[in-house]
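What follows is chain A paired twice: with chain B in the first complex and chain C in the second.
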Partner chain A sequence: MKAFAIPLLVAALLALLPLGVGGYVLGLLTLAYYFGVFAMSWDLLFGFAGEVNFGPSFLIGLGAYSAGLLNHSFHLPIWICVIAGAFTAVVGGVLLAVPALRLSGPYFGLITLVAVLLLQNAIVLFAGITGGEIGLDIPDIISIDDSTNYWVALGFMTVSGMILFGLSRSSVGLILQASGQDAIQAGALGFNVTKHKLAAFCVSALFSGLAGAMLIFYMGTASPGTVVEIGVGVQVIIAAVLGGRRTILGAALGAIFLIVAGELLRPLGQLSTFVVSAVALLVILFFPGGFLGTALHRGEG
Partner chain B sequence: MQFLQILIDGFAISSLYGLGAIGFTLIFGVSGVLNLSHGAIMVSAAVVAWAVAGSLNAGPYLGALAGVAASVVIAFATYLLVVRPIQTSRRIPREEKEIFVLTGTLLWGIMLQEAIAYFFTSNPKTVRPLIAGVVNIIGVRTPNQEILTAVLSWLVIGALWLLVNRTRQGKTLLAASINPRGLTLLGFELSSIYLFVWGLYGLLAGIAGVLLGAFLGVSSDNVGTLTASAFSIVVLGGLGSVSGSLLGAYVVGYLETITAYVISPSIRTIPVLLLLVLVVYLRPQGLLGRR
Partner chain C sequence: MPRLLDVCGLTKRYGGLVAVNDMSFSIAPGEILGLIGPNGSGKSTVMKLIMGIEKPNAGVVKIEGVDVAGWPSHRIARQGVGIVFQHSRPLHRQTVLENIKLALLPDSLTQLVAASHIDDRAHAIAKRVGLGAVTQRRPGTLPFADLRRLELARAIARDPKIVLVDEPFAGLTAGEVRDFSELIASFRHDGHAVLLVDHNVKGIAALVDRAIAMYLGEFVAGGTAQEVLTNETVRRVYIGGRIETAARPPRDTAASDRLLDVQDLSVFYGKAQALEDVSLHVGAGEFVSVVGLNGAGKTTLFNAISGLVPSQGSIAFDATNLAGRTAAQIARGGIVQCPESRELFGDMSVRENLDLGGQHLPRAKSAAQLEWLLELFPILKSRHSQAARTLSGGEQQMLAIARALMMQPRLLILDEPTLGLAPVILEQLSRALEKLRQTTDITILLGEQNVTFALPHADRVYVLEHGRFVWEGDPQRFAAEAGDAYLS
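Now for the complex of A and B:
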């Protein structure tokens, strides 16, 4: 329980932020919180199950677009769309994972990458329904009030973070970690490695899809550039590794850092992405544990 | 006539794909590194060739030379600044080296891409062709540059084959890919072999990049697509297998060309992606790969 105390305290402090800062900062952080959920879901799959999923944006995009299309074409209420989006992401994730989990290493990575490219192609090909490259406009939004949006995102990130973190600390998390490090030995101990990995994939897909769907109801639009393209997935992966893999909560820190740093460096223009990537590279080279991994290690030692 | 057009265009583009992918597979085969900055290195070579040939008025030949030289330098930098520190780091557990190399080279590729976009903008650039003019091959108008692309690609691939199979230095590469530990026991320095292979890789990627820049044109926005296409070709053919990569390149090149001519250029990559999924599921080691 001690492990929950500090993050919850931080979340409680962050919840007070709308009293003091303006809509611009809140908007930025809202985006960062959704990104945080993407990164935490990815970390569950990579850090614990040991599977490098190059296509987090396949799951995110699937959730976002199915929710968006339901709202755009059938005007269903937001919460139904979000649940449907998360459900589609899980179904898509299972369809992808069942055959893909027979593969390992680079092959698994490539298949997840191809899934993103196929989804992106499908969206562009059926531009008449999906809005293509330009994007899909979403009639409903969560709220027009910055503070409400901020609290919804923060609450969502906190709850998702607690569930994912709790899961990673449970016996399921330990089994996953074991199968990630030595699948044969974990199997020999009597654990069904594939079943556990599949479960991890489903949980990862569920939260990615949920976050993707909620993100578009915050932004009011869904486009390949924001929820599907490989670049989005790359950002998620960088955030998770930067924050500290196998820590779940570190992934959220990494995501917030990436989004905020990208914004702070905006005056540099095109160079901002260069600087952010360079910083991330330096962290990976010199502090491979990431932010949280390094900090926790210091504390123990 | 369309059949002949597809045959010629497909051949040229496939040779170029093969040349681009062969360096990628070489690095993986010898040192187990999947270099995700591959596309960025190819584009750097093309952009340097374009800049030197165009704005410095040095002519296309000197430009091409500068492009290839730049690629070799960047390849060494990739290895020395990114890959080797990760491989030798004691703080990164062995089983996680792979993801760190992937993430590291990915970030490095983004840095290269952004640097190109900053200094040269992300507008598409076409490297001046090494030879101008058009010839008529049985009714199909073919630019001389396109023929040169195919010929040069195959010359370089042939030279690589000779190097690997017929020279002492090349045979150590082969040995390193089969059993690195055995090689060190025989008194070979692995680190110098790795340096050599990265230099070779820079040469291959640079030539491929410059030819690509002259044939189709490049922009810093192509970086991701180029890496993904090299990755797909190499997996299709079998990771680490050079002849497999060439076969993969021809399958991808022709499939794309046929789709673009017969169906529509807008879905050019889709059949390739579907084929890739099929091959990876049915035969994960690739067309010519060993397990």
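Now for the complex of A and C:
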């Protein structure tokens, strides 16, 4: 339980922010929190199950677009759309993972990458329904109040983080970690490696889909550029690795850092992406444990 | 007597290679069976087939009467089989206790918190294998022997009826070997069936009730350890029947020139010491053999010379110290290693593989070298445009040697060229080496566990055992002075 104390304290302090800062900063952090959930879900797969999912935006996009289309075409209430979006992401994730997990090494990653391209193509092909490249406008939004949006996102990230972190520290997380590190040995210890990895994929898909769906109800629009493109997935991956592999919470830190740093450096224009990428590259090269991994190892001695 | 494990007609093929052919044996409760054979004989594959890590092409594996052949390994594990791998890879961020607890957890997706009795059980197991004092430490801080204990602890956590142990004593000191022997012997009293897989007969002879020997995937001999040790076929497999030596025509260069001079070389892999203060020299034009069983440190020695693993001590080639040079610089300097794993480019043709070896030579010289090599290994001429992957094991080995020779090495290092080759191929290879030795003044350093192959060509022989040289001398004296010590 001690491990939860500091993150919860930080979350409580962050909850006070709307009292002191303006809508611009709140909006930025709201976006960052949803990205934090993307990155944490991804770390469960990469850090624990040992599988590199190059297509986190496949799961995010599935959740976002299914929720968006239900709202756009049938005007269903937000909460139903969000649940349906998460459900679709899990189903899509399972359909993808069952064949992909039978392959080993880089092939799993390649399949997830191809899945993103397929989804993106499908959205463009059926532009009449999906809005294509331009995007889909979402009639309903969570709130027009910046503070409410901020609190919803913070609460969502906190709850997701607690569940994912708790899972990673549980007995199931231990088995998952063993499966990711040495599948042959885990099998010889009596664990059904495929079952555990598939379960991890489902959990990862569930939270990615939920976060993707909620993100579009915050933004009021869904477009390939914001929730599907490979570049979005790459951002998620960089955030998770930057924050610290196998730490879950570090992934959220990494996501917040990436989004806030990108915004702070906006005056540099094109150069800002370059600077953020260079910083990420340096951290990964010299501190492969990431922010949180490096900090924790200092503590352990 | 009821049997715990019953293996019948077990067969495994990898493409055209038969790794295990029609193996049958059984183990009774409370019995320890040793499965021995030289490197590449298929004994580890047998173990993997029982555990379900590899799927057999044919045969039956019965655990208390239930045929588990072809089952996934997690189901076989739950049927009552535990395995101690040779290399342990514990979870490094968890403590020793957590690592043991992992092995006790149910294969469940919903049980998030370990049941309370698991904690007590993990402590008990830690105590039994001798890890009682270090349960709260992380595996990274443990000495090598304790990591092996942890591996053992995890294998016996579910109280398996059958325990498979791969190379139980590799890398352990004499005292640790005693501890481990006692631990393994204690399984006997629990009524477990134990299978020890080892290349070294001597190491496990005192511990096993019965032993069986394998060679080239097939059963060779069975009986008590003593019977297997003295079996004529087993002796031939390990030592070879008749040891032949051939004289080399006298050369101009004095063999006393130290072309390669290795002094006090030590190599560590993490915590395990693979080489201990090894000194060796090879004169220009000399053919030196290093013989030793699998795991003795031959490959480590060669890799250290080639700059592929970091080492302590000094290595001088042609009176120049090699310290600080990269593997590529050393290879260009004239030390060319033909590795155990051959490392051919499988999808390239025989000719392309050879051309790559001669890449740095001028065109005319490369062509002449190629012609000479095709004369030395005529079989490669007829295989010319075939992909290297599709060659037989013996042909691949000849190609690997030929490719190394294309680089015109001043010192050619051959690491276990006979690994997994049938006797008839061995003869072909031996003839080629003999021709090479008679017609050129190439300097060769050969590593072998097959003494029959290593001795006839050698001018001088070193015997490597547990990372140390225990004998050095003429091949003629080997049989009398080191032959018995080598096997038993």
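The rule is simple: the second predicted complex is superposed on the first by the 301 of 301 C-alpha atoms of A that agree within 3 Å, B and C clash if a C-alpha of one lies under 4 Å from a C-alpha of the other, contacts with A are read in each partner's own complex, and residues count from 1 in each chain.
To be clear about the criterion, a residue touches a chain if its C-beta (ideal position, glycine included) is under 8 Å from a C-beta of that chain, and two chains touch if they have at least 3 such contacts.
What you see is a predicted model, and the numbers here were worked out from it, not measured in a lab.
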Chain C versus chain B on the shared chain A, clash or fit after superposition: clash
Partner chain in contact with A:G225 - chain B first, chain C second, else both or neither: neither
Partner chain(s) touched by A:Q181 [first = chain B, second = chain C, both, neither]: both
Contacts of A:P77 with chain B and chain C, given as first, second, both or neither: neither
Touching partner for A:V172 - first (chain B), second (chain C), both, neither: second
First (chain B), second (chain C), both or neither touched by A:L271: first
Touched partner set for A:A199, first chain B, second chain C, both or neither: second
Partner contacting more residues of chain A (chain B vs chain C): B
Touching partner for A:G190 - first (chain B), second (chain C), both, neither: second
Of the stretches 127-135, 325-333 or 451-459 belonging to chain C, the one that collides with chain B: 325-333
Doubly contacted chain A residues - partners chain C and chain B: 181
Footprint of chain B on chain A - complex, ascending: 46, 50, 52, 99, 102-103, 105-107, 109-111, 113-114, 117-118, 121, 124-125, 181, 230-231, 234, 237-238, 241, 245, 269-271, 273-274, 277-278, 280-281, 284-285, 288-289
Interface residues, chain B side, partner chain A - complex: 34, 82, 85-86, 89, 91-92, 95-96, 98-100, 102-104, 106-108, 110-111, 114-115, 117-118, 224, 228, 231-232, 235, 239, 266-267, 269-270, 273-274, 276-277, 280-281, 284
Touching residues (chain side chain A, partner chain C) in the complex: 166-167, 170-172, 174-175, 177-178, 181-182, 184-193, 195-196, 199, 246
Chain A contact footprint on chain C (complex, rising order): 51-53, 72-74, 77-78, 82-83, 85, 89, 91, 93-94, 98, 101-103, 105, 107-114, 154-155, 157-158
